[in-house]
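Have a look at this one.
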Amino acid sequence: MMSSSGPKIRAERSVYLTVDGEQWLHMYRQMLRIRRFEEQVNELYVSAKMPGLAHLYIGQEAVAVGVCEALRRDDYITSTHRGHGHCLAKGASMDRMFAELLGKAPGYNRGKGGSMHIADPDTGNLGANAIVAGAVGIATGAAFSAKMRGTDQVVVCFFGEGALGQGVLYEVMNMASLWKLPVIYVCENNLYTEYTPYQEVLAGEILDRPRAFGIHAEAVDGQDVREVYFVAQRLIERARAGEGPAFLLCNTYRYYGHHVGDIDRSYYRSREEEEWWKSERDPIRLLGSWMLQERIADERILEAIDREVRAEVEAALAFALNAPYPDLDEVARHVYANEAQL
Amino acid sequence: MMSSSGPKIRAERSVYLTVDGEQWLHMYRQMLRIRRFEEQVNELYVSAKMPGLAHLYIGQEAVAVGVCEALRRDDYITSTHRGHGHCLAKGASMDRMFAELLGKAPGYNRGKGGSMHIADPDTGNLGANAIVAGAVGIATGAAFSAKMRGTDQVVVCFFGEGALGQGVLYEVMNMASLWKLPVIYVCENNLYTEYTPYQEVLAGEILDRPRAFGIHAEAVDGQDVREVYFVAQRLIERARAGEGPAFLLCNTYRYYGHHVGDIDRSYYRSREEEEWWKSERDPIRLLGSWMLQERIADERILEAIDREVRAEVEAALAFALNAPYPDLDEVARHVYANEAQL
Amino acid sequence: MSTPMKHSYESSTTDRVISMAQAIREALAEEMRRDPWVFIMGEDVAEAGTPFKVLKGLVEEFGPQRVIDTPISEAGFTGIAVGAAMTGMRPVVDIMFGDFLTLAMDQIVNQAAKVHYMSGGKWKVPMVIRATMGATLRKAAQHSQSLHAWFAHIPGLKVVIPSTPYDAKGLLKTAIRDDNPVLFFEHKAMYSMRGYVPAEEYTIPFGVADIKREGRDLTIVAIGRMVHVAIEAAQRLAELGIEAEVVDPRTLVPLDRKTLIESARKTGRVIILDEGHQSYGATAELASVITEGAFYYLDAPVIRLGAMDVPVPFSPPLEDLTVPTPERVVEAAKTLCGRV
Amino acid sequence: MSTPMKHSYESSTTDRVISMAQAIREALAEEMRRDPWVFIMGEDVAEAGTPFKVLKGLVEEFGPQRVIDTPISEAGFTGIAVGAAMTGMRPVVDIMFGDFLTLAMDQIVNQAAKVHYMSGGKWKVPMVIRATMGATLRKAAQHSQSLHAWFAHIPGLKVVIPSTPYDAKGLLKTAIRDDNPVLFFEHKAMYSMRGYVPAEEYTIPFGVADIKREGRDLTIVAIGRMVHVAIEAAQRLAELGIEAEVVDPRTLVPLDRKTLIESARKTGRVIILDEGHQSYGATAELASVITEGAFYYLDAPVIRLGAMDVPVPFSPPLEDLTVPTPERVVEAAKTLCGRV
């Protein structure tokens, strides 16, 4: 069911234990924050409280969290239409996320971007992007900039496997490789591009593509945050050390529809498949059981985290629901930066 | 000096002798026609008789001729800014080519296309194209069409190695591979993209790129028309038989500048390099000496061919020089096809 | 906007009312039945029938060979369509959101639009590119644009923007039979709009504007969904004793200059509505054509109401400001008619 | 067209006459010296200095780290420039032929133009895209387009088209210092044109039209190279006793509406010249702006002379027909002034 096209690198269990327990707990909380935040987003849609649609990341949490956990705050990310997870994992706060999804003034983008465009300089979030592969240039350019400015920042460029259809990805991978740019292309293969199984629209093996451009490429189990974190960390430090770009294929799955309104999915995937991923490959439960087993946490701690996260969601939602819409004159602001400058 | 990135397939000498001598002589003539035609084009430029510029194919003749010799008249080709060789090899006549280059009414495109846009349905020429990689979609679409219409036509898509920089190439290779389309991507690596050595702008190995999309790929010595012809024939028949697309990398060299006005080339390549290719790797002389050696031809025959070709050039040029410009009202014609239709 | 509208072409014997989506689907199905070389390609067009479900059912009738799911490769499959069109096929390309046309501009503008001319009339490119347009759906700046003016600027392309199911069906059939590349824009908010469409076959010629409402005091030229904004404004204006004529060009290229100019000469006052950005957009061309042809008949300069010159914001109260509304049209009309 | 032209900004102490190419090169060099984060990227920009040799010498001064040869990847490197601009750099992107902008439209229109707005003003994109434009160079349909109207239609972008070396230098320096994406169009046929450029530093603000010639009888608004066509026509008209004012908007966005309208009010007669296609092009917007602002002062409708609505043909006698000429302007002016 899960296709993994490259050599599978599995760190030893013992290696995972070299990481401080608190950090695994942090990742657990981060994944749970994404899960609960988005459950609430779905709820907002169902209850017709949210304008437009949203693309839920639920099921894929280990990717955003595993990767972002290995980044510094001043490292950059770019994200996609399915971006809430990346933004939260990179440090966004829920209240301003909700506010943005509702088009409210205190939203990250002053309500002008919405679900698909969350951006935040404070956490190095260059922006989610509603064009498939639309941010691969921006991410590569930020890496170029980091190199030229002589910072040691690294950039992570998240995209779905559907982005492999866009030519611009190959254009920028070529340049990233030529110029040894500190950018990691993180491809989340959740098996579907909208309503089409990815194999129907993708020829060859995914990992061969970055490799053809001289880019180091690996695949991981995208449901195992431990593996994602370890491999991402290695690739990120490699890039930070000036050894060039990498491509990380994360095999994963989205539990919900392509967007919140995609309810009848029977024509493109089976209920059994969905159930299998949820019961066998849930990233939060996988980490949870492992932590219990390794005595990094006990049930009580995990329950406390869940309570805290639920409270965070509730407070953030209340904030957003109560927040005002932007002033109407905001519509014509920010078309141009710094209009007074010259 | 010549980089060849894939497995080098060399047919045995004896294999070449299974081909009728007349056919080798025909290829010799075809290469010579391109050479002499273009020498005259350069002359036209130097003597300020030709409007605009032209990109000479001289040095690369074995590619166009070796490939087109393996095609049927109703097979299709697309070509590039450096397209005279492909057009002639596919069957264009010199008089209408010259006329087009001079912007004259009897030109292939009624004078409206010029050097970079020669097109001719009669010989299956879908058109040269002034956008780098601009025709890769058209070629792939023609192959798609051949497959849908159930003809057994094959399409050859010629482009320079510079086209590897354009994302659309990867987009269409993906679909050609998925849908097993009868298209051959012929990449002529002449070492330079305009004034830049190709290695400076190309990461990884060329053949790995089509292969990453599941496309069968081979490299040949683009100065040896025998090898080009044999390998092209195999790939074309494979495509015709429904076995899908292929990529043929032809390592070659252009003797002149990027265009006729590119006289001072010292800042991007050396005179020695140019001389080496001309003296050691000239495709016409290579075939000529082999034919003499194998007694397929004698000096007299080769000289006769040269005389005939020169006469052809002369007559064609006279035709074009004497031809009228298009009527002025042609400027507004052919903007839309079949205006009367509805 | 959801009341079915009668129109001048309504000579049908039936009073069949269907949605715009169904009208488009019918046009495609009929043409695909008529001509085996017509086919559809695009993202999620087959089983999914596009995210808007416009094509629902077509793959079942015509099979995956003629309703083809592509990778997310707008440039690539548009280019493939150009090559297919040159060699005997009649592709209908589906661009899910008109904003994604930006990815296929070389294929559309440098290739499709120019092949016929550059080849001296030897090759032709009979293809249709269907793309959505329009704002107010809370899809933000990259999924809400109306970029039709760009294509109307490029010789070799034809540009169609239907405002009713009737027009959509008739114009789409004409587009598919046309031997040139045609851009066909469908407003996302109009798919569910219903209108009369006869059961019997018909086509609508390009270059013929449709007077959607007659009036003597004022001409409102409106494109696509704006026709309905114009109609609503006209109804309100009628209550004030101002009779507005609503003219729908239907095709921007070719443009029915004559009908536009005649209406302007008759009424002497013109407002132009469009959902593309106002500056350097379609309203400027229409205003210029009308001013050139009716200058001495005009009481006042033509008023242009295009979309605001801002990227489309997500926030609903802001987004709603960006597009012309009946209220704003009524205001403008009152000014024009000296009623303020 | 090759006589150096004096202009209103000529307060220079020197009478230094240089080519447009050199003026552009100087602007780049000065800004690169001033700001270490300014860099150039594009195809064949380094040793080759572009096929037009405009950048000749820059790589020698600033090194290959700041004058960067790219693969033939217009979308890719434009996108890279957007990301670099967002994170502290000030890229100047070189698009060899404006026709290739078609390949980077998503990056320019969906990304660069919208990042600032979509992010609620948080990220900005200070970058310049230099692209060539213009026909009559025998380069045929895919290397001769003037597509500036497209960009002027998109909020978030600024659009500059200089007509003299003086303007080119001053405007390009302003463009590089601007915090927004700026499209800067250079006419291929003007690189060798010479004009006065002072030795001392100066910049020219955006949104300020320049009256290149004063006159009372007629206003000719002209864009880019068309300014010289206008000047030549004005000289011939002067012999007939018609004094034409030549107004050069210099930036299409922001547009100096005021100067255009004032000139039109003064003369009552307007011709607009552009090398972009006439239909749905820049002439339509300028004509509309002027008509809106000067309607009651106009003796006749504004005359638009854009490029013909045909792909640019290769054949010289045909190509020369596609672009406005002094002769055609004189004809139009005579009609407008009742001299026929």
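Which chain is which? They are A, B, C and D, in the order written, and residues in each are numbered from 1.
To be clear about the criterion, a contact is a pair of C-beta atoms (placed from the backbone, for glycine too) under 8 Å apart; a residue touches a chain by one contact, two chains touch by 3 or more.
The shown structure was predicted, so the numbers you read here are calculated from the model rather than taken from an experiment.
Asker: Touching both subunit C and subunit D: give me those chains, sorted by label.
Answerer: Touches both subunit C and subunit D: A, B.
Asker: Count the C-beta pairs in contact for B-D and for B-C, then report the pair with the higher count.
Answerer: Counting C-beta pairs in contact for B-D and B-C gives the edge to B-C.
Asker: What is the distance, in whole Å, between the centres of subunit A and subunit C, each centre taken as the mean of its C-alpha atoms?
Answerer: Chain centres of subunit A and subunit C, defined by C-alpha means, are spaced 37 Å apart.
Asker: Just give me the whole-number Å value for how far the CA centre of subunit A lies from that of subunit D.
Answerer: Centre-to-centre distance between subunit A and subunit D: 42 Å.
Asker: Would you pick out the residues of subunit D that each touch at least 2 other chains?
Answerer: 70-71, 73, 75-76, 99-100, 103, 106, 110, 117-118, 140-142, 155-156, 308-311, 313, in rising order.
Asker: Can you pull out the residues of subunit A that are in contact with at least two other chains?
Answerer: 109-113, 117, 129, 131, 134, 164-168, 171, 174-175, 178, 200-202, 335
Asker: Quick check: in the complex, which residue numbers of subunit C touch subunit B?
Answerer: Those residues of subunit C that touch subunit B are 37, 39, 65, 70-71, 73, 75-89, 91, 106-107, 110-111, 115-126, 155-156, 158, 174, 177-180, 203, 205-206.
Asker: Per the contact definition, I'd like the list of subunit B residues that touch subunit A in the complex.
Answerer: On the subunit B side, the touching residues are 164-171, 173-175, 177-178, 200-205, 208-209, 211-215.
Asker: In their complex, what parts of subunit C are in touch with subunit D?
Answerer: Within the complex, subunit C touches subunit D at residues 99-103, 105-106, 108-110, 113-114, 117-118, 140-142, 147, 149-150, 152-156, 252-253, 255, 276-277, 279-285, 287-288, 291-292, 295, 298, 300-302, 304, 308-311, 313.
Asker: Where on subunit C is subunit A touching in the complex?
Answerer: For subunit C paired with subunit A, touching residues are 43-44, 46-48, 51, 69-73, 75-76, 99-100, 103, 137-143, 308-311, 313-318, 321-322.
Asker: Where on subunit A is subunit D touching in the complex?
Answerer: 76, 78, 107-113, 117, 119-121, 126-127, 129, 131, 134-146, 148-149, 155, 167-168, 171-172, 174-175, 178, 333-338, 341-342
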